[in-house]
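Structures follow.
What follows is a pair of complexes built around chain A, which joins chain B in one and chain C in the other.
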Partner chain A sequence: MKSILICPGSRPAIPNLVETGSLATLPILGECLVNHWVEHLAALGAKEITIIAPKCAELVAAAAGDGARWGVTLKIIETNVEPTVDEAISHYSSKGAEGWLPAPFDVVSMNHLPGDPALPLFDSYASWFAAVSAWMPKALTPTRIRMSEVRPGIWLSSRARISPNAELIAPCWVGDHAIVEAGATVGPGAILEDRAVVDEKANVSNSWVGPDTFVGRMTSVMRSLALGSTLISWQSDSSLRVRDPFLLASLKKAPEAQANPRPVRARQSQLGFLASLRARLSGG
Partner chain B sequence: MKTRCADSIRSELLGHFASFGTKSGLMRMNLHFSVQRLASRWLVLGSKFIKRTVDIVGSLACIAALSPILLVVGLLVRMDGGPMIFAQSRVGKHGRAFKMFKFRSMRVDAEKRLAEVLKDNQHSNGITFKIKNDPRITPVGHYLRRYSLDELPQLFNVLKGDMSLVGPRPPVPREVALYTLADRRRLEVKPGITCIWQVSGRAEIDFPGQVKLDVSYIEHQSLAQDLKILARTPKAVVFGSGAY
Partner chain C sequence: MKIETQGTCLSISEIPELTAVNSAQFREKVRTALSDSPSVIEINLSQTRFMDSSGLGALFALYRATTPGNTTVLRLLNPIPEVQQLLELTQMQQLFEIVTR
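Entry: the complex of A and B
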C-alpha cells in the first residue's frame, strides 16, 4: 500500500518553532512529527511512503532514514512550496487507484498529530501546546521503547535521571536522558523532551521544554515553550531570547561569551541583594 | 511558621538572583552551567562511548587469543573445497541490512535447498527457523554449530561496527519481513554476537519470548549487564543447550 505525506512548510503563526529548521523534524514527545506519521501509516499497512518536503528534504532524510526502521520504503521529494492535498493528489498519486491506503490516509498533510485531527498543531503556540499535551497518552505506540507510564499521568523514560527530592506532578512527560535535579518541580502539564535538564529548585508547569534545553536553578517556566535560549509564552504569543545561560540555554550549542555584568543589571542585582538581606534579617 | 518558610524561600531566591550582579557570582553560575552541560553530554554519549570501547578492545583481545582456533577451524572448513567464510545478509540496527560473517557450516547449495527443509521448522510461529538434523549441515559444521565456533568471525563484524559483542541476535531479512511493528523494537540497537536469551536457553526460547527478553535487555542496557551476559556466554557455549 502507498501513501503520501506532506510536510509543513512555513507557518507565520509560530515563527520561533519554524526557525529550528523544519517543523516536520521538530521533536514532539521524543520523536519528530514525520516519524510519528510514518509509524502511523506503517501500522495502517503502508509499505511505500512518499514524503513531500518543502525546502527540508535533507533534514527529513536525516530524521526518517530510508524507512527500514518501520519496514517501509521512503521516497523524499523536495519542493519549493508546500502543496495542498489536492495538488499532491493530482501531481503524485492517482485518486481511487488500487494499492493506495484509503482516504484520508492516501495523502496526509501533517497539520495535526496522528489520530487527533480536531487539534491543529500550527494555528498558534497555544494550539501547538494543546495538541502536544493531549497526545501524551497516545505517544506510547507499540514501537516505543524505554518509555512507560510509571504512575497515572506520569510518563517517564527508563533513561531519565530524576532526583529522589524532585517532584513530578501528573500529567507530565520526562523524555530520554532528561535530568530533573533535587527540589525541582515538573508538572502539571509539563513536557521535558529528550536530554532536557531541569536544575535544582526550578519549576516547569504547563510548558514544553525542548530537547537539549537547560532550565537553570530556581527558574520558573510556566505556560511557555522553552527551546534552547528562546522562551515563548504560548498564552500571550510573545517570545524572548534569554541571554544568561544559567537561566535558560541550549546544551548543544556553546554558550555565548558572557559579558561583564551590565551596569543596569548590576544595580538591579544589588537592590535585590539588599532586599534579600532585609528578608533574612526580618526572618530571624 | 508559614511566613518564616515563605521568607526563607524569598530570601534564598533573591540571594541567588542577586549574586548574578557580581563578577564572582556570574562566574560561579557560568561554571555551574558548564558542569551541567558536560554532565548531560556525558550521560548521552558516555554509555555509547563505553560500549564501543568495550566492543573494540574485547573483539581485538578475542581475535588475538583465539587466532590458533580461527586458523584450524578455517582450514577444516576449507577441506571440502567450498569457501571458508559465509557472508549472510542480516538485519541490523534500525532495520539496515549488513553482511554477517560466519564459518561456513553448511553445504555450498544450502540456500537453494532452504525451501525443502522449511516445512520441518521446529519454531511454530513461522518467523524464526530452527530444525534438528538439518541435512544441509556438513560433518565439520555440525561440531562448529554445536559449540558456536561458526560464530567467531563475527568478531570482525564487531570491529567493523556492524555489530556489538552483546545485543539481540541479528535476524535474516526473511524473518524481519514477518515482524509486527512491536517485534521491530528488537532492531532498536546494534545486534550482538551473544544476547540475553542465548545465555538463558538459546534456541529453546520461542520467538515472542526472544522479543520480550531483547526488549527488556534494551530497556535496561548497562555495562554491568553486558559483562554479566559475556561472563555467562562460555558456559552456554560449552554446554550448548539448545544449539543444533
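Entry: the complex of A and C
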C-alpha cells in the first residue's frame, strides 16, 4: 500500500519553532513529526511512502532514513512550496486508484499528530503544546523499548538520569539521556526531550524543554517552550533569547561556556545573586 | 535614565536596557535617591527592551536595600512580555509587585 506525507513548510504563527530548520523534524517526545507519521502509516499497512518536503529534504532524509526500521520504503521529494492535499493528489497519486491506503491516509498533510486531528499543531504555540502534551500516552509505541510508564502518567527513558532527590509529577515525559538533578521538580505537564538537562532546584511545569537544552539551577520554566537559549511563552506568545547561559542554554555544539554546564555554574556562584534570591524566596 | 521624587514616591523610568553595561550606574543612582527614604519605589520598565542577569542583580540589590524595614513598596511597572518572562524564569516576580497600567 502507498501513501503520501506532506511536510509542513512555513507557519507564521510559530516563527521560533520554524527557525529550527524544519517543523517535520523537530523532535516531539523523542521522535520527529515525520517519523511519528511514518510509524503510524506503516502500522496501517503502508509499504511505500512518498514524503513531500518543502525545502527540507536533507533534514527529513537524515531523520527518517530509508524507512527500513518500519519495514517501509521512503521516497523523499523536495519542493519549493508546500502543496495542498489536492495538489499532491493530482501530482503524485491518482485518487481512488488501487494500492493506496484509504482516505484520509492516502495523502496526509502533517498538521496534527496521528490520531489527533482535533488538536492542530501549528495554529499557535499554545496549540502546539496542547497537541504534544496530549500525545504523551500515545507516544509509547512498541518500538520505543527504552521508554516506559514507571508510574501513572510518568514516562521515563531507561537512559535518563534522575536524582533520587528530584521530584517527578505526573504527567511528565523524560527522554533519552535527559538529566534531572537534585532538588529539581519536573511536572506536572512537563516534557523533557532527549538530552535535556534540568539542573539542581530548577522547576519545569506545563512546559516543553527541547533536545540538548540546559535549564539552569534554580530557574523556573513555566507555561513555556524552551529550546536552546530561546524561551517562548505559549501563554502570551512572546519569546525571549536568554543572554545568560547559566539560566538557559543550548548544549549542542555551542561555545565553550555553553558546552558544559559545570563551568557555567562556577560563573553563577560568582554572581551569587540567585543564591541570595533563593534564600529570600524560601524565607531565609 | 530618569529619576524623580514626588512626595514619598521615587519613580525611575526611561531605562532602555538594564544589563552589565549600565547596571552599576543604575545601582549607584538609585542608592543615592534612597537616602530620602521613599515609601514607594516605582520602576517603569515599559521602555526596557533588554535585561540580563546583571540587570536582575541590580533589581535584587534594590529589593535587599529596601526590605530590612519592610515598609517600602517596590513596584515594577509595565514590563514588556520578554522582561516578564525573564522575571518568571528567575522567580523574581515573587519579590516585586508587578503592575500593568
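As a convention for this text, the second predicted complex is superposed on the first by the 254 of 284 C-alpha atoms of A that agree within 3 Å, B and C clash if a C-alpha of one lies under 4 Å from a C-alpha of the other, contacts with A are read in each partner's own complex, and residues count from 1 in each chain.
The rule is short, and it goes like this: a residue touches a chain if its C-beta (ideal position, glycine included) is under 8 Å from a C-beta of that chain, and two chains touch if they have at least 3 such contacts.
For clarity, every value in this text was computed on a predicted model and none was experimentally measured.
Colleague: Looking at the overlay, what does A:12 touch: chain B (first), chain C (second), both, or neither?
Modeller: neither
Colleague: Examine A:71 and indicate which partner it touches, taking first as chain B and second as chain C; both and neither are also allowed.
Modeller: In the superposition, A:71 contacts chain B only.
Colleague: A:164 contacts which: chain B (first), chain C (second), both, neither?
Modeller: In the superposition, A:164 touches no partner, neither chain B nor chain C.
Colleague: Who does A:244 touch here: chain B (first), chain C (second), both, or neither?
Modeller: Both chain B and chain C are touched by A:244.
Colleague: Report for A:143: first if it touches chain B alone, second if chain C alone, otherwise both or neither.
Modeller: A:143 contacts chain B only, not chain C.
Colleague: May I ask you to decide whether A:152 touches chain B, chain C, both, or neither, giving the answer as first, second, both or neither?
Modeller: Neither partner.
Colleague: Is A:218 touching the first partner chain B, the second partner chain C, both, or neither of them?
Modeller: A:218 sits against chain B and chain C alike.
Colleague: Once the structures are superposed on A, label A:236 by its partner contacts, choosing first (chain B), second (chain C), both or neither.
Modeller: Once the two structures are laid over each other on A, A:236 reaches chain C alone.
Colleague: Of chain B and chain C, which one contacts the greater number of residues in chain A?
Modeller: If we count touched residues of chain A for both partners, the winner is B.
Colleague: Would you mind listing the overlap between the chain B footprint and the chain C footprint on chain A?
Modeller: The overlap between the chain B and chain C interfaces on chain A comprises residues 218, 244, 246, 273, 276, 280.
Colleague: Contact residues on chain B for chain A in the complex?
Modeller: 4, 7-8, 10-23, 25-26, 29-30, 32-34, 36-37, 39-41, 43-44, 91, 94-97, 176-177, 179-182, 184-185, 187-188, 215, 218-220
Colleague: Show which residues of chain A lie in contact with chain B when the two form their complex.
Modeller: 39, 42-43, 65-66, 68-71, 141-143, 145-146, 158, 161, 177, 179, 195, 197, 199, 212, 214, 216-218, 244-246, 249, 251, 255, 258, 260-261, 265-270, 272-273, 275-276, 279-280, 282-284
Colleague: In their complex, what parts of chain A are in touch with chain C?
Modeller: My answer: residues 218-222, 224, 231, 233, 236, 238-240, 242-244, 246-248, 271, 273-274, 276-277, 280-281.
Colleague: Can you list the chain C residues touching chain A in their complex?
Modeller: 19, 50, 52-53, 56-57, 60-61, 63-64, 67, 80-82, 84-86, 88-92, 94-95
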